[in-house]
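Only one structure is covered here, and it is reproduced in the block below.
Chains here go by letter, A, B, C and D, matching the order in which they are written, and residues are numbered from 1 within each.
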């Protein structure tokens, strides 16, 4: 299954500001990319466009990051990419095992620690009371995801950048990043390594037909590898395309601006490309067809 | 100047627990180590001792970490090291410059971001009001350190593991890690990269003669390198020996236990070793002799 | 100057819920009321209306409170009142004095204490650093109001019921109640008694012409009486009509529902009534005419 | 049963400060007082003592409050009182009913609202998940008390004045006021009116023999009256003597100082006085004799 995604994000700045963007597909998808995956940064002045110089680096999590200085005026970040994904909905690994902490790989240990929006050090007894009695591994990990999905209500208008897992636990309302932060925190408290993911979700617009958006989900480390979880949607989806991973949203902001930058346009869309080149909505998940949530 | 430091830390456990320790001198000190720097992990049973198997790795910050499974009963972590340090008090770099964000090395950028105990995303206007009018670079960076030192009172009895920079800002009381967390947060808000450091401070016991302890300080990135700051002591000290660095205390706990482990002994001491092998207290800082704080 | 105000507030409930409303004009305005000031509570069923039985009481702050059990279905709270107010803009008492705490009346002391949204116990040093050097009394009290007005940006979309003065101090964004909570907290820290006020502000719609709303402001105790302050608008306004006072918004919610009640209509309007009975917008404040804010 | 209690509390002040004390027995005990119940406020200067003038008032909760200006130097607050109490342990009202909110007396409604340390507005779903399925009334109210008692560990060294119910819920550690704040908050969330109480607990020193102290407990409104609950001790005790009640500790501080005052002595003791005038420890609770907790 081919997914083509494109975005056009524009900021207006009164004074120049250095920025970092994480808008490429994740390096782990390298072999699946069929076209594109360039990030174009331009200064817009009426009809005139001028390319802005960028440099790249990989952060300590292996994410591909782009640096540039956004000039005053309007700056556009845009790109198109086509990637081949397997087209199957998120798998269910009902028998996946949770390794004892001593058997976790060294580089996975950091995903048990507290981080900015995931106060693992405040949720220990809460997580233990809710989930400590459950079978470790997939059962417990997916119960945490289900609990968050069940208890938290989605609401765009309550988004705020400083919202933590504790805020989500008490307010019970949030956007996709908030759902994942709470689920990540509860998972880590139960010694299940969990990391935050940003990416594109082809059928994010389903069941309504609104504007596209990037999405956030999370991954848990079971059976010796990272497995997809999504406390926001909580039905197996198709066409997830990973962009960046980190401990929480503080590590993988789509764009970080060191100075004031006003978002003035935000367009994201991803579609399936059929064999004859037609673009169709990504609506492949059988679960979605049957039991809309 | 030779500094010999030793520690003996003991835990009692009811059930075995995996642990991670950061008790070696920092890899950057490799060429200065004259003896020791081994971490010995033992099970104590009356007079009987048994070595516990350990493995090592470097985390994403380059710290040397030791993993092992602490058995039930009493576990001792001990070690001795001798390192050569220059013996000069912390330097004052009054003309050190602050680079624009776009000129910072890639790997330094992460030290501008919010982290568990350093809520950079909540302190922006507060930092700007207090320090935004000052000359960037050393002047502003050291003013932040001085402000925290002046406003916060040291008090061991108020320590708690979840205390954040915001708690320190409102309570105005804390231990060494709390002073540094607040100063780090304010520095990052002013686009001065700042990282947390754990280590040994030879004259930590001064001006009183109490038990030794590990210490925490922080570093700011000016003139293209990390420079020592200490909002707790705030007089140039001698004999700092770096053990680990990270974004904040969540990254560089001396020991992390994944399960319950009761601290039952905590002994740390470091001394200067003179040419004839005598150990003397590290009291070399001229500033300390003159203006005790 | 005569002000006529009316409101029509409707909730939809799935199951009956007890409610408390504070929708009358404040008892201190008794002699100024020319008409109305009844609260009508009705059950609406299509075109059919049925009155709901209510009882009244005064809470410990002297506010007039109405209790009733809202049945399932749609409930309407409505009323009209006409009151005579002096028509002058909020006075400036530039020489008003701040009494030493020992000279405050007993019943005023409670307005120095911490309350739900006003964490006086967390702002002591912050308030002292910002305002401690100023002349006590009106100068300092109005400086606190000005500071909050200057530093906080109004934004309806960031409202949330649990937002505290500390949240406002860090986020620097809020609605009218948030401005007042921060100003109240800072005032109390400086030993200026401050209480929260809900009421109607005739010209709240100015400078834009939007829907009406109730408003919140606060009062400080200077020169032996309560004086109006408004950190949200911060220009002398005309036609304030007091409804309730308390330590903070927790004490004087317009309506409190003990059970789920969905707000489905919210209409509030107040107008000046001229001698010939014409209703005109309340736009009397000279300050408003000249320096729109 | 006669209980004689005495206290001697001393502060040292560098500059004079107005103070409010709540150190009398509660007005509701008037008819049970056999001797004393005076509050003596003195300035101490070596052996010389001088009485400080005081005035009294009742706050909005009906508590007896004493105001005075503490001069610089050492100030002593002392008193002795003898009161007759029934000598029976705290009763168990296993069939006590919880009134629907609409049937609560007007003056009780305020004890359902959020207050400084009791964030009722943040605990709704948490309380509902833990206790919403239980039989309303005594069963649910005592289950809340038991849960807090079971989950929170007593520890003097973690006390801090700004600690809220949410802090107690996450840290699971606290002193008596912290236990009660969490239990009060959870009770209110379940529409059980709950108020905070300060007083003397004759057998507070049991099961150890340490220094005396004032204590805090709480009361819930069931069967049309206030009933004693104590999430800290959670065994029926004898000899509770009520001093003040309020929404939480912010309302009923033993002493409030508007300025700096250093506590230098704190002595509280209460004993049973037998018929022949002998003082014996209050150890009457059968529960205490049998199942020490």
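Following the convention adopted for this analysis, a contact is a pair of C-beta atoms (placed from the backbone, for glycine too) under 8 Å apart; a residue touches a chain by one contact, two chains touch by 3 or more.
Bear in mind that the values here come from a model prediction, so they are computed numbers and not experimental data.
*Asks:* Most remote chain relative to chain D, going by C-alpha centroids?
*Replies:* A
*Asks:* Chain C-chain D contact: same residues or different, taking over half shared as same?
*Replies:* same
*Asks:* If you average the CA atoms of chain B and of chain C, how many Å lie between those two points?
*Replies:* Those two chain centres are 49 Å apart.
*Asks:* In angstrom, rounded to a whole number, how far apart do the mean CA points of chain C and chain D lie?
*Replies:* Spacing between the chain centres: roughly 33 Å.
*Asks:* For chain A versus chain C, what separation do you get between their C-alpha means, in angstrom?
*Replies:* Centre separation, chain A to chain C: 42 Å.
*Asks:* Which residue numbers or ranges of chain D touch two or more of the other chains?
*Replies:* In chain D, 122, 162, 170-171 touch at least two other chains.
*Asks:* Under the definition above, what is the set of chain A residues touching chain D in their complex?
*Replies:* 122-123, 125-126, 151, 166, 169-172
*Asks:* In their shared complex, at which residues does chain C touch chain D?
*Replies:* Spelled out, the residues of chain C in touch with chain D are 18, 20, 57, 59-61, 65, 67, 69, 100-102, 106-107, 109-110, 112-116, 119, 121-122, 161-162, 191, 250-251, 256, 258.
*Asks:* For the complex, which residues does chain C have touching chain A?
*Replies:* 157-158, 160, 162, 170-171
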